[in-house]
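We call the chains A, B and C, going by the order they appear; numbering starts again at 1 in every chain.
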Amino acid sequence: MKTTGFKTFKVAEKEGQAWVTFDNPPVNIQDIPMIKELDDLAASLEDDRSIKVVVFQSAHPEIFIAHADTNFLKEMSTKAVTREDIELLDLQKVLQRISKLPQITVSKIEGFARGGGHEFALATDMRFAARGKAVFMQMEVGMGILPCGGGSSRMARQIGLGRALEVILSAKDFDADQAEAYGLINRALDADKIGAFVEDLVNRMSQFNSDAIEAAKRTVYASIDLPIEEALKEEAYWLYQATSKSPAIKRFTMADDTGFQNDIENQRNFETLLMGLQGVN
Amino acid sequence: MKTTGFKTFKVAEKEGQAWVTFDNPPVNIQDIPMIKELDDLAASLEDDRSIKVVVFQSAHPEIFIAHADTNFLKEMSTKAVTREDIELLDLQKVLQRISKLPQITVSKIEGFARGGGHEFALATDMRFAARGKAVFMQMEVGMGILPCGGGSSRMARQIGLGRALEVILSAKDFDADQAEAYGLINRALDADKIGAFVEDLVNRMSQFNSDAIEAAKRTVYASIDLPIEEALKEEAYWLYQATSKSPAIKRFTMADDTGFQNDIENQRNFETLLMGLQGVN
Amino acid sequence: MKTTGFKTFKVAEKEGQAWVTFDNPPVNIQDIPMIKELDDLAASLEDDRSIKVVVFQSAHPEIFIAHADTNFLKEMSTKAVTREDIELLDLQKVLQRISKLPQITVSKIEGFARGGGHEFALATDMRFAARGKAVFMQMEVGMGILPCGGGSSRMARQIGLGRALEVILSAKDFDADQAEAYGLINRALDADKIGAFVEDLVNRMSQFNSDAIEAAKRTVYASIDLPIEEALKEEAYWLYQATSKSPAIKRFTMADDTGFQNDIENQRNFETLLMGLQGVN
């Protein structure tokens, strides 16, 4: 994958992992160069299946991503359009592309993530935030618009309708614990623990088979857009996509041959034993 | 808006806010006059965009809204109808009309909210409840029916499938803390704090632009009924509806001109700075 | 209903309740005989509306259901198929049949529930788990597949998108408290309290009218697969299905005639009074 030439973030590659560190002084504003570079990054990741997990973090001590740049927002069209003439906005397109990456995407949030910055995080698969550092807000209604980087569309998919409406209509700050209580983030972690937690999780997930990762991810996203009977078909479809490429049969055979499953001691140690199968390809 | 002539509640108007206080002795039963008056109230609110936020509360020390009146429920039809012949019930229609108001609707719950009373709260945008006072229940399955004021339809949109099934199939009381844990309400608050909390929130939200409020609300509700790609289009559609009418461009320009966004101190004070823009119209 | 002849679980019938106890040594593996017997059990329950609630528990001190049998998984097809040619897998079909039972289904989880074992629990209406005993995991991505017993389809319907992706993509153990915090289970309970809790709940629910139970269950499941306007119609449809068969009118009439609803003392005691109506048929 492409790791150099980006100006708004740095990319470090490491055994199946890409660590993307936002660094766009002075406040990590989500400007047009950042949006453009995220699109380039996504294109590069789509073509590199050796990367299994992408982590997004920030070099700024107080800010994850600030929010969309008012410099381009003030040029926004004020012409009402019909539903037929609607095209997605550039920010929506890029964040949807991030959301659809075949890799697992993780936001590690240790500062302000407001507006488009929070919408970016919502477009990743999972979010972990540091207590005492992370601060979230959707301020758009206070500016006279609505969250339009996918935030209005993705919020209720995470936290239910009532809390999504409160977050968006109140335009108030909330911290990591409140975000965890509402379900906007997966977990709030102490500021001195979030680094090790995310690293352990990413080290685990980046050992998994890339076809299985993609199959699971596609199915879960599809599941909330489809009636259950259709979702189940999608699940079966992606199962066969996975088995046609992954080492699943070899792993099941090895697990079966070694009596892996019928021993209570093995059941107790399943979490560890599973990692032992990652060498079976 | 119409503030007089209602017999089952009182309405007080105050700078962009309507405070509706249920007062239908002896127990705030949800009877036909109340349902009819809620329909009139909704019609009046649809025509008055100067109101931004509507708060629903109760004058009764122990009851928010009790439940639907058994006096009309006992007249209910017992004829099974085909899906083709289904028409929405009056209670469903009125609560759906409340749910679709262009204003932000808030339930401030300091007593029993069972059956249709709880379904009323579920039809509002957000719910705050007082510890030690609020008590919730859907009792309908115990009566031989199901929650039919939208409760069966709206419950899983708030709290997920498993907890929605438990609430409806168990017909048990649960308190504010349990309602918060399950996500049925936005927050549980101490009984002596809920008044100030709701007032502060409403004072903030009622300063926001009415077109932005409507655009955000329409998009969030649409988002859970649409596949993500369609939801994103709806989000873009409502963005242009908002910018065509709201002072968004002026506010972005002012924020940009004053260097608002690139200063860490401003980022720290964003929640307050945002309110300073509310005068820019 | 059929209570004898099962080899992988035992069935005890008791006043409107069926208690199903998994007992498939050595580790309650989800093998083909168990899947086949669950299908037989479901068929038997569909034909016996005297049963209102079905509880699933385990005879094994450490295991609820272990996971799907690697012995048949290793025979899995590795042929990618097109979406048009997809048929549901046997496990998907049986668990979907369980999910659609007219009865209330409850999982009482006091041990490992991983993979297909957890997917079984997700196919029941509600889940209660014992602290210090219940352990959950979806390990499939670590094997090279994805949860394909409905787990990938049902997870986000319970806990939102971000946490569903974490559970499935991390393939890690999590305990009852974490499952409760994420919303995967209804509640975590102390190991010495879960028995009485589930028994009380089941004793309450099994007194309710079977047509009301079915109507409520059908509507709640439909509600998350339909846009709100369609969901409300389904709710009205099932209301009339219930009133055409249940004793609802008699109960409303009795409640109304006895002044049940307009007395504050009755409102305070509603939870108990409701059970007094269960004899009115």
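By definition in this document, a contact is a pair of C-beta atoms (placed from the backbone, for glycine too) under 8 Å apart; a residue touches a chain by one contact, two chains touch by 3 or more.
What you see is a predicted model; the values in this text were computed from it and never measured.
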Graph class of chain-chain contacts, one of line, ring, star, complete, other: complete
Angle, in degrees to the nearest 5, of the Cα rotation that carries chain B onto chain C: 120
Whole-Å separation of chain centres (CA-atom averages), chain A against chain C: 30
Multi-chain contact sites of chain A, meaning residues that touch two or more partners: 154, 157, 159-160, 183, 221
Residues of chain A defined as touching chain B within the complex: 26-27, 29, 62-63, 66-67, 69-71, 73-74, 76-81, 83, 86-89, 92, 96, 112, 114, 137, 139-148, 150, 152-157, 159-166, 168-173, 183, 221, 225-226
Chain B-touching residues of chain C, taken from the complex the two chains share: 104, 125-127, 154, 157-160, 183, 185-186, 201, 204-205, 208-209, 211-213, 215-217, 219-221, 223-224, 227-229, 231-249, 251-253, 255-256, 260-264, 267-268, 270-271, 274-275, 277-278
